[in-house]
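Chain nomenclature is as follows: A, B, C and D, assigned in order of appearance, with residue numbering initiated at 1 for each chain independently.
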Amino acid sequence: MTNIKEGDEIYLVFDHKQNYKLKVVTGEKFHTRKGFIELGDLIGKPFGMVVTSSLGMAFYVLKPLIRDRVLKTDRRTQVLYPKDISYILLQMDLGSGSQVVEAGTGSGALTMAMANSVRPNGMIYSYDISERHQKVAARNIDKSGLMPWVELEIKDITKGIPNKDVDAVFLDMSQPWKVVRSAWDALAGSGVFMSFSPTIDQVMKTTEMLNSLPFIEIETIELLLREITVAPNKTRPRTQMIGHSGYLTSARKVIELLE
Amino acid sequence: MTNIKEGDEIYLVFDHKQNYKLKVVTGEKFHTRKGFIELGDLIGKPFGMVVTSSLGMAFYVLKPLIRDRVLKTDRRTQVLYPKDISYILLQMDLGSGSQVVEAGTGSGALTMAMANSVRPNGMIYSYDISERHQKVAARNIDKSGLMPWVELEIKDITKGIPNKDVDAVFLDMSQPWKVVRSAWDALAGSGVFMSFSPTIDQVMKTTEMLNSLPFIEIETIELLLREITVAPNKTRPRTQMIGHSGYLTSARKVIELLE
Amino acid sequence: MTNIKEGDEIYLVFDHKQNYKLKVVTGEKFHTRKGFIELGDLIGKPFGMVVTSSLGMAFYVLKPLIRDRVLKTDRRTQVLYPKDISYILLQMDLGSGSQVVEAGTGSGALTMAMANSVRPNGMIYSYDISERHQKVAARNIDKSGLMPWVELEIKDITKGIPNKDVDAVFLDMSQPWKVVRSAWDALAGSGVFMSFSPTIDQVMKTTEMLNSLPFIEIETIELLLREITVAPNKTRPRTQMIGHSGYLTSARKVIELLE
Amino acid sequence: MTNIKEGDEIYLVFDHKQNYKLKVVTGEKFHTRKGFIELGDLIGKPFGMVVTSSLGMAFYVLKPLIRDRVLKTDRRTQVLYPKDISYILLQMDLGSGSQVVEAGTGSGALTMAMANSVRPNGMIYSYDISERHQKVAARNIDKSGLMPWVELEIKDITKGIPNKDVDAVFLDMSQPWKVVRSAWDALAGSGVFMSFSPTIDQVMKTTEMLNSLPFIEIETIELLLREITVAPNKTRPRTQMIGHSGYLTSARKVIELLE
């Protein structure tokens, strides 16, 4: 990891509530309620350092992580949490060079995580029917510097997916079963289909459709994440927990079914 | 995704029990109980196709995924499951170019998943005190084609980590707290520390040590994965479930602590 | 708690595998592979004592608990675990005097737990279509001494429930929705309906029927029980876990619906 | 179940927020914001009926259940939920005639549930060091009509339990390990010890103490309850969930240990 340089995005952290993402530009000041920071002064210093504002307020200067972006940018009703996003990346086998179709784009949280996984040689083709969504997503992805590995398009893919021979198709939409056939067409043989659905009714319909086409290894799981408080005489799981985000259904395309 | 070519590793799948991983070499035959397959015949065909042996047994020809390798190769007592591995990759922010220290190597399952995430520009430095482990791991990683992004070494890192300025350190060892200080030394500022521990006693000791050094965002979680059977009139979570694999503790290095 | 007396049922425990339930009868010997125990010698001694066989094998003499009976007697495919049984007893508000309809009887595990809760003034009316089930259940309940609070009958209650004004109706059957209307007829106003179903499909149909009749507080839950190993440096949840037994749906009868 | 009679406690339910528990007294009016109800008019009518106020607001007239009382009365920091209370009742084998020691009393929620289980022939001896707690508990238990089966006392039982030969001892206190020896003294042979603790540190200390005395079947579990939303095209676990209330540790007293 290199030191901070001109144009880097940084993450200024005071605490869980007061933290800011911004770009380092020589000559610019970053203003907070408790004084400003001269951004050019950070250049050449290590990430992880402490910087103090003109009025003595101290901040950590962190490098923004994908998971920071995910948690900050996602604003859709049905949120994809890091637990789900990470499982999707591995289950779809993403790595440098992977070609992926995503729909819908939503706020771009998963799009960024996928783009980070497929760079420098892959591409995410991300579709959404909402122009507003794609504007939000474009802004988020732009800031992250991951746009070179993303193609955004406003399109209703229940009417077909324009791509061919992709390694994976990921769906986060209300009627994923309507895209299963198009997903089969778009996927290369051995490629991975995945769908995220909050309700079991959606999972049932999607699975029924997957079963009617040459897909194998059709499976559905859900992930529960428990946060643990660790402190002397206070170690215990947290009282509040996210009980459900959604089900993850996956399958692999084959050219034809045995028998 | 391209078609099958000379030297590709393939995954021949008859069912959950009868499946084989092998390399495509023109002129070689792959023998099963129910006849052989002429491997050269596969070249130029698409992954996902069905191939039939000399005695009429049909197989799917799949491209091996990282998750297939993980599930097939891991033979350590404390198994890292895909749910844990995927979370580790995202939490440590791995992507092309990341430099990572891992200890111990174990069977190399996580090593491969990490190598796949950091290629083509990153590197995994993986240490283990057991020569036997590293032999097993080397064989597994070799087969996967990911060895260019892995450096294996037999070493006891409780006595220090030779690397500097790495982006992440991952520990899967019985006494991770003994390496926390060395991990701080090895990490670049803003870099991520992670540890996987089956017992809460280990988590407590590791967390205590993290709290005594310039680390922030210290947190522990565990992941529960539920498999769902989806079929008409039979939709339900599976009866048997893995109730616990281990806790995942993570933190980020800062240069110094505020106050 | 009184000391052991003539006719008491006792639970001889050597370890998790070798343990026996039997009745104390003066003059009788209980034979094990490692010698016999003179049962009359136990009379007047305290429960929890250690008794030694003629060949020196030592056993704990415990009082059988309802939960011991539940775990020992249940042999149905879809098992009701103590976690589910206990929740059912509280949710149905059972106490001395409660009148309850149960179908099916199965092995009688829940029947016994309910009978223990409603004695000395209540009654469990338990129906099953299988004569074989009821024979097994009758034998189990007889041994427990709880038969005075149970009436068993071989009957298909999808054709109606003969009881009126009962406090609770519990269903553990493959098509519970077919009995919801009869359950309403059998329940007193304010009485509790409950159903245990392994699949979500059953829950959906049962809930739809409950919604069509004067029932309120309609809800479905599931319970997950985690066993924790507690020992120095080994404290952790167990690796294996029951991931799902079934869903518990409950509701309360009202005479008519508001609006 | 009989019809409503003079002196019965009733539960008037408009919805989840507007509901009231009160006693039926002829000649009294119950006033709400939307008119009053003439309570004497309810006598002889069935529970579960709908009653309409003088200004036309309709309510269900329900019989209060133990679980309603539990959810309404508990005001302690560490709440015992119905999932935990029900498991405690079964695990301790409560039934008519059981003699139980409880500490602390807290708001009396568990006390009531236990009293309901042991009536008409058992008794709950409940201790608390806080006079304020016992006043709140006394008021709650009085209203429920279960006081005949409860003896409340302000006492610090880390200095000893005055009872002997009880069937079960239940502890919900910050340092349960300090009472394990006294619990052994108070229990009859074969009797059940239980303790509820939010932190794993408490569980470790309590288990260590149990292991040092003649206790067998020492075990710790935790229960997770998931609420399921069931509705056409919306069936799914709820988003928010209680991730942890506490651990339940149990054991059985024997007179001496084998070997």
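Everything below uses one rule, namely that contacts are C-beta pairs under 8 Å (C-beta built on N, C-alpha and C of every residue); 3 or more make two chains touch, one makes a residue touch a chain.
This one's a predicted model, so the numbers in the text were calculated from it and none came from an experiment.
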item: Touching subunit A and also subunit C, the following chains; value: B, D
item: Same vs different contact residues, subunit B with subunit C, by half of numbers used; value: same
item: Distance from subunit D to subunit C - Cα centre to Cα centre, in angstrom; value: 20
item: Centre-to-centre distance between subunit D and subunit A (centres being mean Cα positions), rounded to whole Å; value: 45
item: Distance between chain centroids, defined by C-alpha means - subunit B, subunit D (Å); value: 47
item: Multi-partner residues of subunit C (each touching 2 or more other chains); value: 200, 226-227, 232, 235
item: Residue ranges of subunit A in contact with subunit D within the complex; value: 198-202, 226-227, 232-246
item: Of all residues in subunit A, those that touch subunit B in their complex; value: 1, 13, 46-50, 58-63, 65-67, 82-83, 85-87, 89-91, 93, 95-96, 99, 113, 116-117, 119-121, 165-167, 188-192, 200, 203-204, 207-208, 214, 216, 219-228, 230-232, 235, 247, 249, 252-259
